[in-house]
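When the chains are written out, they are named A, B, C, D and E in that same order, and each has its own residue count from 1.
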Amino acid sequence: MSLTAKRASRYIIALVIIFTLNFVIPRAMPGDPLTNLLGEDVILTDSSVIELRSEMGLDRPLFEQYLDYWHGILHLDLGYSFHRHSPVAEIIFARMKWTLLLAVPSLLTGGILGTILGALAGWRSANSCQKASTAFFLAIYCTPPYFLCLLALYLFSFKLDIFPLKGFYDTGSAADIALHLFLPVLVMTLFSLSRNYMIMRGSVLQEKSSLYAAFARAKGLYDAEILFRHVFKNALLPIITLLAMDFGFILSGALFVEIVFSMNGMGNLIYDALLSRDYPVLQGSFLIITLMVVSANLLADILYSRLDPRVRWH
Amino acid sequence: MIPDATLCASPEIMPEAAECPDENKRQCCKREYSRTERISMSLCSAREVLRMQKMSLVGLLLFLSFVLMAVFSEELAPFDPWMRFEPYLLPGSEHLLGTNDMGNDILSELIYSTRISLFVGFAAALMATLIGTIVGLLAGYYKGMTDEILMGITDIFLMIPQIPLIIVIASFLRPSFWIVALLMGALWWTSTARVVRSRTLQVREMGFVQASRALGFSDLHIIFTDVLPNTCHVIAPKFLLSIASAMIAEASISFLGLGDPTMKSWGTMINFAFTRGGFINGYWWWYLTPGLCITLFVLCVVLMGFAWEEQERTNQRLE
Amino acid sequence: MLAILKAVDVGRVYESGLIFKKRYAALEGISLEMEAGKTVGLMGPSGSGKTTLGKILAGLERPTSGRIFFAGKEIGSMSGRETAIFRRAVQMVFQDPEGSLNPRKSIGQSISEVLSMLKIPGRRWQEMTGEMLEKVGLSDELLCRYPGQISGGQCQRVALGRVLLLQPQAIILDEPTSALDISVQAQILNLLKDLQRDLGLAYLLISHQPEVIRFMAHDTIILVQSRTS
Amino acid sequence: MNSRRPDDAPILQIEDLSVSFSTATGQVKAAENVCFKLYKGETLALVGETGCGKSVVASSIMQLLPNNAHIQGRAIYAGRDLLSLSEKEMSRIRGSEIAIVFQNPSLALNPIMRVSEQIAEMLQVRKGYPAAQSLELAGEMLHRLGLQGDDKMRMYPFQFSGGMNQRVMIAASMILSPRIIIADEPSKGLDGALAAEVMAEMARIKNQVGASLLLITHDLNLARNISDRMAVMYCGEIMEIGESEEIFSLPRHPYTAALLRCLPERGFQPIPGPSPSMIKPPAGCKFHPRCPNISEVCRRKPKMTRVEGRGTAPAGSESEIREVKCWRY
Amino acid sequence: MRHNLRNLAFVLFLSILILGTACQGGEESSKVVLKIGTPNVVKSASILGDSNMGVWTHLSNPTLMKMTEDGKIAGLTAKSSEVSEDGKVWKFVINDDLYWSDGQKLTPDDVQFTFSYLRDNLPSAGWMKSTIENISVEDNAVVFRLSKPYSRLNLEFATYPIQSRHIWEKVDKPMEHTNEGEIVGFGPFYITKTDLDAAVIYLEKNPYWKGQAPKFDALEIHTFSNMDVLSLALEKGEVDAYYKYAGTYPYASIQKLKDTDNFDFVETDNIGLIFLGMNLQKEPMSDKEFRKALSYAINYSEILKLDGLGYGQVPNAGFVPPSMMDFKETEKLEYNLTQAKSILEAAGYKDSNGNGILEDKSGKDMKLAFLTRNDYMRTTELVSEYMKALGIDSEIKTVDSSTWIKQKDAGEYDITVTRSTPWGMLMHANWGTGYFDSRRTGEGVLHVLDDPVFLKLCDDILSSTSDDQLKDYAYQLQDYYAENLPAIALYWNKVETPYNKAWKGWYSDPLYGIFNVDNFLSVEKEQ
């Protein structure tokens, strides 16, 4: 009970601080949200600048804006984007569904395949097949994400002409969407997979040498039985926390995939908002991502305590 | 997608619960092995270690050759990388990798870029390791409130969406390699801090720390001469892995056009190759070679880091 | 004869939890006296607070109740200098011999850092180290080795030697031999006896082995399992 | 204590077992020419100081040594040499025929699995029992070891004390009624009283299932209390083997005698000299540098020699009644 | 094993889900569709709020006037226009055969509505408030009465699409009005759908269009957030032509398209150009001699070769490119380092401590703050190198465009590389004056010139209505540029717009390139 309370209070404090940072950072940036609002060669008169500023609430004291910001958060109102001419929440939710469509399958397949393959690789590390797969995933692990995206796009979409070059869909049918998403999802899956693979491999290598694994062998369990009955779950424990942290990274990190594949998801949204100093969108999306990361962490905590009785007990 | 988590992601990240909280439990968790068992266990992994070391040897050799490349750029590069020839020359005997849009010799550029790229990697990793180590040591050694606060801060840093934040701040401050390096360092110390903390928690309970305390040594003396040397082996692989993630991040930031284009780094080379038609024209020697260099360098660093971690795992079995 | 170290009605309570505090009494109402040249044996099942009592007496932990006197003065009311003298005069030797030396420092380094802490001029180091090694029955070829390269018995001798450099009046011995083989245990116990005879040390010997206590102690205290409240 | 029946053929026969490991500093000879027999129903204690190679012997019987260990010799069980079995064959023997109890029970149990499941697992995997039945049997086993109650069944290892975990380990080892139980320092980390209690229970169950026990320990008193026979190891070699009581009352080998003199009740008389190196052990009798009655002949290797004891076994029976590796005999 | 199987089952389930949906086919159509690929990404379907969206509406909601190929202003929605002698009354006669895509007729009322609506609601049309006093409908014409003479109203009106009264009068916040569905227009095509997720804008033929019939059925605008992918899409044939507002297809990628043999290029001289902007309010850039010296230090042909890949020409000192109206042939800019050095020497800039770097008037080593954006990095590198050769050190600060605007407005720079857009060159008093007049602000604008001579010239142009007089002012202006060098043109470039050879009849105007009504009426697919 007290542990849960402690964790919860920690998360709440963290949230408050992050939300505050979220308010401060965009405002500390140079450049004005008014710039880039209207186009490169548009001339503004001073009076319309003042008008716009007051409309956007930028002329009010910072503290008032800060209070407003909290008021908005508590009322689930993320503000209004003058760059995108819509309420931020609406924009984010429209984008989020696509990013989730991109990220969730990648994370799941990457997570599941990564842990299983990684566990096998760690368990039978001497095997040449495992060595080859380790080398492969290590290479992916070491490649800058955008680079892999572009290479994949060049090879599969351009040279081989299997997949479309951009966007989420052409016609909007499920098949069409699946076709468009295939390559981005594949690339992201590979990334997620390679990381989980590496971590799981290390984790299993470590657990492999534990005494309980030796005892399982002494009890007469054979190879895979030891791995999947005993080692796997233990080795999985650290991964759960990582998956949770990954979640935030994936949401914002889909950025490269989205830029390369011209997908209007959260990543692209943040990048654009950043370049155009669209505070409300920046704040809103950071906020949502933070919330998701925090809830993913919370979820991981819960899952962890379900898997690890030691946590429950203390 | 984001390189850091990949690397920060080592199995050491475990909630506190995994550590034994009270005296009795800690004793139950402490591994006690007789000397023969230690020997036999060290031997059991000797082959594994040897194999790992073969890989890390490859990594080390590669690493050294990159470092040499950075140090002796002037001697190694066939031309001054800022010297202009005909632009867009194809690879040939004069210019092994051709020339870029400015007519710079790509091979020379590649060699010179090693410097900045390595610098960013090292500076960021150094910074991250430094902060992470100090935070981890203090939190682990003093425990209690200090630990609570420091780990709370660590949690916050972990939950901040990092890449966007780097982009925000990198565009806020004017992009220079120093800023990018320092930024990444300032954001990515968390995993090191966690690892160092959990190791410090272990070490501070070890007999020799207690003995030092009983002998009357100051906390500072104990932290630096007893605890730190015994956490070095978990810090070192983290340091290596931080180098790797910093380099990937630098390349990614450059790709987004937020790097420092006035300096020659692999990231900016790729950036220019993409924005100046290298990719579209299929001049693979222009964009693929720096990409390969990044991958290769990161690979050798990661290999070394893994080998180190592996050895660490073996050593842990002995302790 | 004046007791070097005296504990009166000492107790220690641990608290855990932020809001809902759990109290756990590790020690309740212990009194004892340590005299020069004498050994007090301390026995009790695991979890009965033996080590806690040892740490309290060595000044490494504070008791939550009761008082500790060193040379007739209560340690809580001592001046800074007096505290330093007390901390130096009362030393503790721990159970795990190999763990009580930093594995990353050579034996020589482990010894010289104590000498430097004592602000002993460098020219006397060699002489003092030599004397000390002789006292605990070690040869000086050990100095350049690391704890992992010497046996458990040797480690315990080094740990003991380091403590002796501080010229303590009393030593708390927390299970000094329980991790050692019986042949080594015999060596160490005999060494401890010799040292006590030569230097007039007061010992508090914590052990769970009645034979060891019987062999060493002049007085014996038996702790019983403390209760959780 | 169980009286042995020396007429029986040995259930396990170790012949000339030598184990060595190569390290950076050289070849470590962990065990050399170890021979002994384990009879049905008896308890044989393998005693010796830290690092004398007794655990290596146990691990090599179970083939639990890492594959870089060089093992020579034979371990005959049921007509088969265990050392030459494949991993798959061996896994059928482990647990069901020969079980081992580790030291450090709290680490040897899977931390995130209920203790009852860890015991029942054996029945499910090896015997194909349904989950409910095997859990029931596991509960019964725990009950026999003094851990009764449903709450105990649902516990995890971290909720148990070391002694309780040791019982769980013993239960897990015995659930399949193996014919041989190897206990590797089962008392380590337990208080004296607790260790005795656990060992007594172990011995009781062992007798109930009719298994033989190979007890590996550094605790001479424990060995004396539990075992029928005792083998004293020093520096990888068995120095003396014989009935436990007899060895205690009349040690023949100078090492055994010196070791016994170290015991608290015999006045803590230390053995002079340092322990030998495992990499470059002394030539000849390995104890000779520390031996009080050394002679020139000790520089050559002594053989295991049968000496007459006052043993209860009939003379001339096949068992090694009292064997000593010393030139004096 | 149990976990393993469960996991495996889950993976299978997922892949079936994905594959299963992949088995439905798309519909075939025989429609002739022109697909345009562009890097101008639409952020929101707000035709008044999103500047890129605004560009796409030029086809569905044509402007009042248009610019012809040779840079003249002609009528589009308006049949004709005339201006009063004093330049204060403008009359536009509206075509009467234009119909909204919902069947209603376009009336002068719509035009009147549009401009009063924009004047009141659109921040970027703020100038109208101070300039236009009254808008009235007279028969089939709309009359604008101005508070001061403004000779360039017809040009301004070539940039504002006409909106329909019956739709927009219900909208009170035009900037915030988004519409991803059908947008009522009266051009030959109208927008039927703006699909931000697919990054496509769909346009169909306006069924009520009475003018010359378009030769294809529908238009799709595909937006790409990555230029390389756009190039691949062109090459692959996924899009037929390229368009970028005020921009060219990347020169470096041209050859690749040419090699495919499927592409031709519309090549036009750009009205906009790449130039060196200078902070005229600060030493040493405020020194004319210094600027002159700088202009001699730049190797124009090398910049043209490396940055422009030869697609352009070395500019004149008069800044204004020849493609603009009333171009005057001023002196060609010349690379002459010796001359540059001697000018500097004469102006008193010396390197007295001999470290290769000149000192400023206070005796300190000169280090100029060179503000630049990533897009102009290569040019910046080159210029900085040329300056170095002249003995002028500079510190390059690369910033993103928001920061650039901020720092530029705050005057925190000495020198910068930037570009002008066609509209930018035309705005204010034409010929690039809008970039330099210190009385104006705007995103790309430098507003650093407060020389009364220049300001008067601007005002004169703005109030002049006679073509001859205008030409005279234009000449004066270009002479002023050449003499004072408030900015140095780096090269006059060309706009290259690739299109698939399957399509022909391309036509481009200087203001909006190929994105104009005439072009889409003329383009047709070869059979």
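Here, contacts are C-beta pairs under 8 Å (C-beta built on N, C-alpha and C of every residue); 3 or more make two chains touch, one makes a residue touch a chain.
Remember, predicted model here, so these are calculated numbers, not experimental data.
Between chain C and chain E, the least number of touching-chain steps is 2. At the centre of the protein atoms shown, by the Cα-centroid criterion, sits B.
Our note on geometry: chain A versus chain C, Cα centroid distance of 53 Å, whole angstroms.
Note: centroid distance chain A to chain E, computed from Cα atoms, is 36 Å. Rounded to a whole number, the gap between the C-alpha centres of chain A and chain B is 21 angstrom.
Residue positions of chain D with contacts to 2 or more other chains are 50, 104, 107, 158.
Contact of a single residue of chain B with at least two other chains is seen at positions 24, 31, 41, 44-45, 171-172, 274, 279.
Across the assembly, chain C contributes residues 46 that each touch 2 or more other chains. Those residues of chain B that touch chain E in the shared complex are 82, 84, 87-88, 101-103, 171-172, 174-175, 257-258, 260-262, 272, 274-282. On the chain B side of its complex with chain A, the touching residues are 1-6, 9-15, 17-18, 21, 31, 41, 44-45, 48, 51, 152, 155-156, 158-165, 167-169, 171-172, 244, 248, 251-252, 255-256, 270, 274, 279, 291, 294-296, 298-299, 302-303, 306, 309-310, 313-314, 317. Here chain B touches chain C in the complex through residues 22-24, 206-208, 210-217, 221, 225-226, 229-230, 232, 319, going by the rule given at the top.
Listed in rising order, the residues of chain A touching chain B in the complex are 3, 10-11, 13-14, 17-18, 21, 25-26, 28-30, 125-126, 138-139, 141-147, 150, 154, 188, 191-192, 194-195, 198-199, 202-203, 205-206, 209, 211, 235, 237-238, 241-242, 245-246, 248-257, 259, 270-271, 274-275, 282, 286, 289-290, 293-294, 297, 301, 304-305, 308, 310-311, 314.
Residues 16, 46-47, 51, 58, 60, 84, 87-88, 91-105, 113-114, 117, 159, 162-163, 166 of chain C are the ones touching chain B in the complex.
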